[in-house]
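The same subunit A turns up in both complexes below, where it pairs with subunit B and then with subunit C.
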Partner chain A sequence: MHISSHSDSRTNSDALVIGGVSLTSRLFTGTGKYASDAFIPRVLEASGSEVITVALRRVDLTTQTDTVTRHIPEHMRLLPNTSGARTAEEAVRIARLAKAMGCGNWVKIEVIADNTYLLPDGYETIKATEILAADGFVVLPYVNADLMIARSLVKAGAAAVMPLGAPIGSNRGLQTKEMIRILIEEIPLPIIVDAGIGKPSQACEAMEMGAAACLVNTAIATATDPVAMAHAFGEAVRAGRRAFLAGQAPVSAGRASASSPLTGFLFDS
Partner chain B sequence: MGFADVLDRIERRNFSEKMENYTEDQVRRALGRERCDQEDFLALLSPAARPWLEEIAVRAQDISVRNFGRTMHLFTPMYLSNYCSNGCVYCGFACSNQIVRKQLSLEEVAQEAGCIAATGLRHILILTGEAPRMASLNYLESCCRILQQHFSSIAIEIYALDTPGYQRLVAAGVDGLTIYQETYNQDLYATLHPFGPKRDFHFRLDAPERGCRAGMRMVSLGALFGLDDWRWDSLCTGLHAAWLQEQYPEVEVSVALPRMRPHAGSYSPAWDVSDVDFVQILLALRLFLPRCGISISTRERAWFRDKLISLGVTRMSAGVSTAVGGHGDTDAGTGQFAISDERSVAEMAAAIMGQGYQPVYQDWRDIRP
Partner chain C sequence: MYAMINGTRTELPDGLDVLGLVRFAALSPDTVVVEVNGCIIERAGYDQTMLKNGDQVEIVSFVGGG
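Moving on, here comes the complex of A and B:
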């Protein structure tokens, strides 16, 4: 079919480039919360995800017992995160430690000094981004969906901005939708929706809006069947991206009007 | 203002009777809430919640899985010293008890640490009695230097310190503080602690806050269930944790649920805490404090601990000995209390996986420069 192959080739050439790396999949995944890390390779295969975030706090390369990094296939792009950091300084130290341990130079900055809602500290995140970007890291900061923070991150040298849809682990969906829409319009960096996405339809919606990618962990890791759910998220993200590229048809205001009460007079004879 | 001011506003007198007045309607309302307040928490602890335990458990499991995933953090206690100048009537280490007293030499600390680390554990909880001239801050700092070579996180469960004392240990690499109030009933506390520095109720009550101020990353508190009406001590534990979370949002606050076990000495608990009571406490705390860590010790029996895994517990000890030197080959002293779950770390990990959960050996690492 001519039309579908046309749209397929268009999707395939639609790579997401971050830090000079070209990614086909726009679904980023996580490693926390699985009943067993043995799910991870199957989740990655089912979803097609190419980027996986891992909390450095949990990485133990010396242990005889099982550890998460042993379950991540070689071809994956590792995105170490600074979970547990409460200040910019701690985030910087964790990022440097990750690099020294051989986890690469990508880092997802998480600076959280609120253990009740796990909301990120924008100010400290900007500071950490500035230091690490100058240090040669590819920095993906996790922040509130806030235009001023995002603009500061652009100046600080971030490679993307990761606004939250809702608090981590809440599965509440795109509660910050209007703010994310503004970031997509205004910020010249990839906007990757991170945290809060509970269902594939919500990931699809973020992609339809023009988000560059979605990061999903809790909704996959704690599903009854994580592998099947990973597959569903992979498809939802692809569908949403295709819809965005296809250009959405105009939405009706919901009411058809036969006459034009405001401008009809112009055409009255 | 400290937690003492919060405690002053709730009344122990007639508390047990007042709990009878909660209704099932109030329990249902608590179940429907996005976030439970103090009244909801009380309803969930009340006798009226008994017919609703299954519904509360479903909610507790859902909250726990969303916040913590299907994971269980493992740690083990390491007893450094059982010398003690306190007379706590419920404790095996009380100085009036004729037991074998022992304090590990630094060589023995290294040997014990090696044995524990070989099991894969990376989180260690060190314990002492209250004998500051024996288990001094200098001694504890020396122990930390050794333990850092084996563990990624060191927590203390020792006598209450002042803020500078906690600061010294934080500087030495300690990142977690565990300190139990034992009971929040001030009158009862006085009779249970007839002499010794621990007799000072308020110095102990404020210790978790001093730990937060000193820069501890994790602070764990709790009451020893069985000393007083468990509903009262559960309420106060929950309120204490909630207050600390509010005052120190950067600190990971958790609660432990120790229940009285047989020990050296003749004291027997005044209040019976049944398994049903215990589960009710656990579930009510989970709904009231959705993001709070909850720790269960080997005071509980193995089959019961297995059942608790999916109900909201986030941390468990494994491979436990409550005796000084109990992990290595040295002659161990008398244990603090009898444990009920003697499974090794490997056995515990297998049991956790059997429940569909992942054992987590390392959840923090020292990042100090």
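Moving on, here comes the complex of A and C:
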């Protein structure tokens, strides 16, 4: 009991600070693809998530549509994305419209010109980051897991770097694991694994490696039971973070290393 | 008069301001952002921004996304 309460207090003091905001939960969630937006408040409660993404679109004037923000509790921090942008200029325009909604100055830069793999355009993303960071935005760019892009984003004033684990919505896991590991080693900003995480064990692994947080949308929203899956992701991210802080035990080259003493056997003559 | 609203040519009553447009479209002003000819209109200025014939208007809101 004593040990467990010790590790609890250690985890609780382990806040993630982004743009001057202190976050307890290291699981970011999204609002896309839910069968019903009514799942969203229950997903947030089950996961403990404090940051949630939204997209910005033209209002359909021909039908009465529900507002997604109606389902997002007040205490949540909104992270509008710039999806739909194909250039830095379009991303900047979307970010400014999102800020005018009056829900804060955070933005997830997403500049995509490839419709098959939805891979981000690093060059345009860096340009948009530079403009928006100078304009007072807290910029979280979604990029390929690439060291040179990440270094440029640091210079451009990003608040975090969000490398993809695998293509958006693919649930294929940490395919870019080695490159993410390098970002965690080299980049002095929070590394938030965004896109591709398909199951809690993959989020846990990213956190064990030292990722600052994970952003999970599809794997929760399209699970058979989104609320239960959100709970599982929340626990996986916490477990992975605790394991990272605890420090992994050494890995042997292949030989066994006895866990029990090799002396005092009953059968020693 | 008419305006291009979200890419669609839309007939509007004459003498409409942005607040009037939002109401005309049966929207709640605090859930949308309006851009006229590329300029974002702050909500406090909705009733001081008159629309002109042929204006390019975008009305956007948050939707689900990752």
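Details
Keep this in mind: the second predicted complex is superposed on the first by the 248 of 269 C-alpha atoms of A that agree within 3 Å, B and C clash if a C-alpha of one lies under 4 Å from a C-alpha of the other, contacts with A are read in each partner's own complex, and residues count from 1 in each chain.
Convention: a residue touches a chain if its C-beta (ideal position, glycine included) is under 8 Å from a C-beta of that chain, and two chains touch if they have at least 3 such contacts.
Only a predicted model underlies this, so the values are computations on that prediction, with no experimental measurement involved.
Once chain A of one complex is fitted onto chain A of the other, the partner contacts of A:R57 extend to both subunit B and subunit C.
With both structures placed on the common chain, the touch criterion links A:M101 to subunit C but leaves subunit B unconnected. By the touch criterion stated above, A:M209 is placed in contact with neither subunit B nor subunit C.
In the overlay built on the shared chain, the residue A:N81 is in contact with subunit C alone; subunit B does not reach it.
Using the contact criterion defined above for the overlaid structures, shared-chain residue A:N115 touches subunit B, although it does not reach subunit C.
In the superposed model, A:T69 lies in contact with subunit C only, and not with subunit B.
In the superposition on chain A, A:A35 contacts subunit B only, with no contact to subunit C. Overlap of the subunit B and subunit C interfaces on subunit A: residues 32-34, 37, 56-59, 64, 67, 97, 169, 218.
Those residues of subunit A that touch subunit C in the complex are listed here as 30-34, 37, 53-59, 61, 64, 67-69, 78, 80-81, 83, 96-98, 100-103, 168-169, 195, 215, 217-218.
Across the complex, subunit A is touched by residues 5-8, 10, 25-28, 30-33, 35, 40, 42-43, 58-66 of subunit C. The touching residues of subunit B, when paired with subunit A in their complex, are 65-71, 118, 120, 122, 152, 217, 245-246, 249-253, 291, 349, 353, 356-358, 360-365, 367, 369. In the complex of the two chains, the subunit A residues touching subunit B come out as 32-37, 56-60, 63-65, 67, 84, 86, 90, 93-94, 97, 113-118, 169-171, 218, 221-222.
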